[in-house]
């Protein structure tokens, strides 16, 4: 209680929730740490702002928002009689605050380009462990919950499940900043519907329609925003830029880039060689390193690199086609040949200009960390079974689409 | 009309206005031009996101928003019987779209650091003239209006006056993204109240209270946001970084920076030597050049530069005091001496760590491009005279405050 | 155009859309007509305010809102190249403005109690025809479209189909006033997606997810709002009050009531005997006649009427159970016997205190006035076929539930 | 705590605040009481819906909203270390919930017509005392606070001062429902700025601009909404209807009206003869009694009453002029003579058709229950002194305007 008197008890403005409270001094100090401050320079939605000009929000803001929703969830559950100790509450606040701290530049877009074979969650864990040392073990319970090792499962489910605070924030936030108002979900109401039964997170019966609407909104956001064809092609282009840069570097070409970025261009970092020193270097890497380098590379003498970079910076993006069936070998060959000839490319270069693949989305997955409905009589059922309407079942089937990108004439 | 069939007639999502329409192909092409695309990488509010984490919106988005409001204003005025030709309409759309294209990195924050003695409006004009060449004279009328040379004054006033589309957008937008909901102005209603009398822009009588509320909201935004002490100190710090970097460069020190940024570090650019080649270089310069350089400079061996950069990047900002009266020489000397001793600084270095000055705001200025109220009987009065309440008069007095910044212990 | 100079060109404030414009003098005069002004005293959602205290909006406001959306739709379609003449535009504005003018007190709640065997649409048509006489035939085209007799079907579909302006307004409006934010639909975006092909209304391909979300929101509104059990029981109670009152009146009992209301209590009005005189009387009848009479009837000596009225006015509503399967005869008998005994009722009286029935909702009906999707290649498919996801198909199955109401102890 | 398990712990939907919680069973029971349920049938803004069609919200909803804000205020103050016992909290919830329960039909519009010389606050107190008997003294502390007799003044100030929860709700709510978005105040932020010093309510220094904006918004709402000329004339007309009806009744004319309404038409009720029996009758009186009677009176043979009623119901309102200076005797005489002649009225009748008077508004009154600012150094100043800008001082001067109403030709 005396803690509240300190300077570290802050109320922040948030465009979405109005006010966000920093609940205690430890969390204040974590937010102030340079590791966390770095997230101010990592955009939440990669290059989506090329489609939705408002989408410049950051991982920093998202993390703070998640922590806010977690406070709401803890309050509601306590109000309903679920016992959550102060230590447990604090631990879930920390865990959700730091769950994305391992994201690299442009978030998901470069997740497998900067490093390979190691997911951002694993890097987040490395950061948490490093911070736990600095903060004398005060993150131990948070780490335990984050790893899914704590016996009260619902605390983990608040952090990582199909109705976790992460999703409740990012869908709302991304909808808000893109202006795709239809993706807006009612996070507050969904949280009001939460409860805990046998230490598992459940949604009360009357929340069925809200959950359904949440799943539909999520699907809408995937197809209209996250997998929007312009955003998709920009992201693929970015990956190609990185690939070309690494290739040139591996051949001994010297590319202008920041020290931290150069380190990752020169080394293939994966789970095995990701040391504490790597973590320190990673903690200095953000969108600014990558984008400022790409701007410089426009002047590079390698035509492929130069062209890719210019295309990206000036938003003269390749053409992209998306369809419901895979492209045939015939179609691919035809495009390849046309492009090769038109732009006078070698076969090896072609790969940087024509690319294709599969995208998919599963609006709801009933097989893992699914959404459980609690009925008034005490029964619990998966949402797909709980709804006597078939559509949620329908939504749990993955949908595949196929894209092909190639230069405009 | 056939134009509408082209691919260039687009509807964009905007978090604030819902949908923004690109009215014709010429404007579409201007938006696509790399000069304009650069604005995607120039933040609207400099470093304000260090206080308000949502404030990452860009000059690009603001410019598009202004163009949207201008379309609304033209519609309303035409609806009220004001004749505006298609060419005039198109010209004001272009003029407002490009009015800020001359902003450099971090907008106002570095306005007198990157270049000196030349305001962003003058650089905007240079961009417009360069674009007018590329677009075969299609911007001529827009330039004429922008320069205030067109005989129908209200078209200029829609672009540059105390109730112009620029202000109507930026106040609303900045309020929205910072989450300072009280700064929110009702742009739509203010536009509905506009009219034209003798080719001058006026507000209809019933809009008096709305104008008053607009002025109060503007003042609130200044003191709570634009001149917020944390944002202020971050901005001053950024200026100090630039100053130190230029100083070092002038002494022959080689600092890592992009080519474009290096050019401006090495040359003192002002109105006289700002050539077309300068413009080309300027057009490649944005927030990313500056921030990525600052990140590299943390490792610089110059203690002053290194310290300033680290302080900025990790948001370990100096302490700042704001008060209503100037600091006395005595107070300043005391702080100077304390800091000098505590951090072991030379007199010359001290200037980078202790700084003070004056800030001021005038919520409304009745002496230039003032707001005119049209009464039902045809009379026109300045808003300060139109209101029989004294408070707008009160608001037109400039207010001064004084700040001092110095390192935390 | 001169018309715009008149006093009848108005801009109204609307909490939902900001501003609503009255497009011309004829529509202004229709709105001012006492027939239309009556709608100010007819609540849009019957007794739903007993559940959602904000839901006091009126048919008047809804009708104005529909007219606003219709203006948007006409603008968008014209923007896309669909030719709509000024007469046609005006006719659809009138038709949508008046489409609900035939609603009696409490809208749907008493639709088959005040009169029988005649729907509100039929009474709307009678009003339109009466107004057409008063307005010298200026409503002829509107009536033709309203009746579905005009050759350009899309104009009718804008008024009456599964994506008409009526639905786009009432779902949004009811969601807004109830505060059930999840029912909020993005009317503006849905309208932006509309187009016309072969004189039929279609939705462009990219609008598939928006349509799906609209259907899900509509279903949510049905189960959480329109068929909310408390609102349901209040509505059924209201019907019982009317029934009892009519029964007493038929036996010669004199009940206090307004002249207009007395007329409908004393006469069984149906399609055959609904004369122009009936219309005049109907045009004086609204929520105030009914509710003020019910308040007086609390003091009536007929125990059944008195009790029902008191229960309704003081919101001491019966208990209601809703379940997925019909109630068995056994269950019904048991409740009947318990209530009969507990309250000492005759068999005939029992019917006023225990009642049960079926409610159903079909979120989407592909068999009539369905939603057609226009693909880029020109193909048109029903939304259920257009979506490769099964859930819309699932949503087009009607769902049935069963309720039983009986007095609380 | 066990209380929370009961059925009486409810969460309501509110369009403005999202969710409103009923904090305990006693408050639930007060809300369910017929005295309080009556407020569902008393409109908050009288006849303002004739200008702003959305403004149909009720005293019931406002009272619930006030209670919600009071809960927020108590939480914030407790968070800042102000001790408020559970009994005190509960008492302020009750006091604010019931502060308006004494409002009669159409709220302020008929405040001095139904009864005379007794304000709604006094009737509210009578209701509270009656309820206190029914609820075995559980309202005693609430009544003490409401009467200003409790030693901790800030609790009273939360209920009745220039920054009380009443104003924070009604300004926000009325702005919301009228759609006059500029009147919207940021109740949440204002509450966040509250504190208590020496048992008095204060606003923290950084809230100065917010308070200023609140005062400006309040003034805007007065002139644009509460004193809007159309609403004003409708209200004056309503008063005239009542006056004529009472006059006729006093002459022995029998007018159709509900029993409760008849009682108040037949008796001059004031503070002295307002008995418990009067209270019971008053508790059955609401908008529906008055409006349904007025509708019947259209058919009355008294031309004056009939005409006034018809004018009101069909919204064919008199012409109204508002100006900054009083009307001269000459002007008044001219209008009187014209109307008298044109409508063939007696001098006595004239008074029902031509009326004039003064309206005034004082945006802020520094002389009673003023707004105190708490500075960081502990000083407290009135807001007019705290602001170094003169405009709040300007706003504390009352403004007068003058109206005259007469029939349209």
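Each chain carries a letter (A, B, C and D) given by its place in the written order, and its residues are counted from 1.
By definition in this document, contacts are C-beta pairs under 8 Å (C-beta built on N, C-alpha and C of every residue); 3 or more make two chains touch, one makes a residue touch a chain.
For clarity, every value in this text was computed on a predicted model and none was experimentally measured.
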Remotest chain, chain C as reference, centres from CA atoms: B
More contacts between chains, A-C or A-B: A-B
Separation of mean Cα positions, chain C and chain B [Å, integer]: 50
Whole-Å gap between the CA centroids of chain A and chain C: 44
For chain A paired with chain B, centre-to-centre distance based on mean C-alpha positions, whole Å: 32
Of all residues in chain A, the ones touching two or more other chains: 18, 181, 189
Chain B partner contacts - residues on chain C that touch it in the complex: 4-5, 11, 18-19, 79-81, 188-189, 192
Residue ranges of chain C in contact with chain D within the complex: 12-16, 18, 32, 34, 37, 40-41, 49-50, 52-54, 56-58, 60-61, 64, 176-181, 256, 258-259, 284, 287-289, 291-293, 295-296, 299, 313-316
Residues of chain D defined as touching chain B within the complex: 181-182, 186, 189, 209-210, 212-213, 216-217, 219-220, 223-224, 324, 388-395, 397, 399
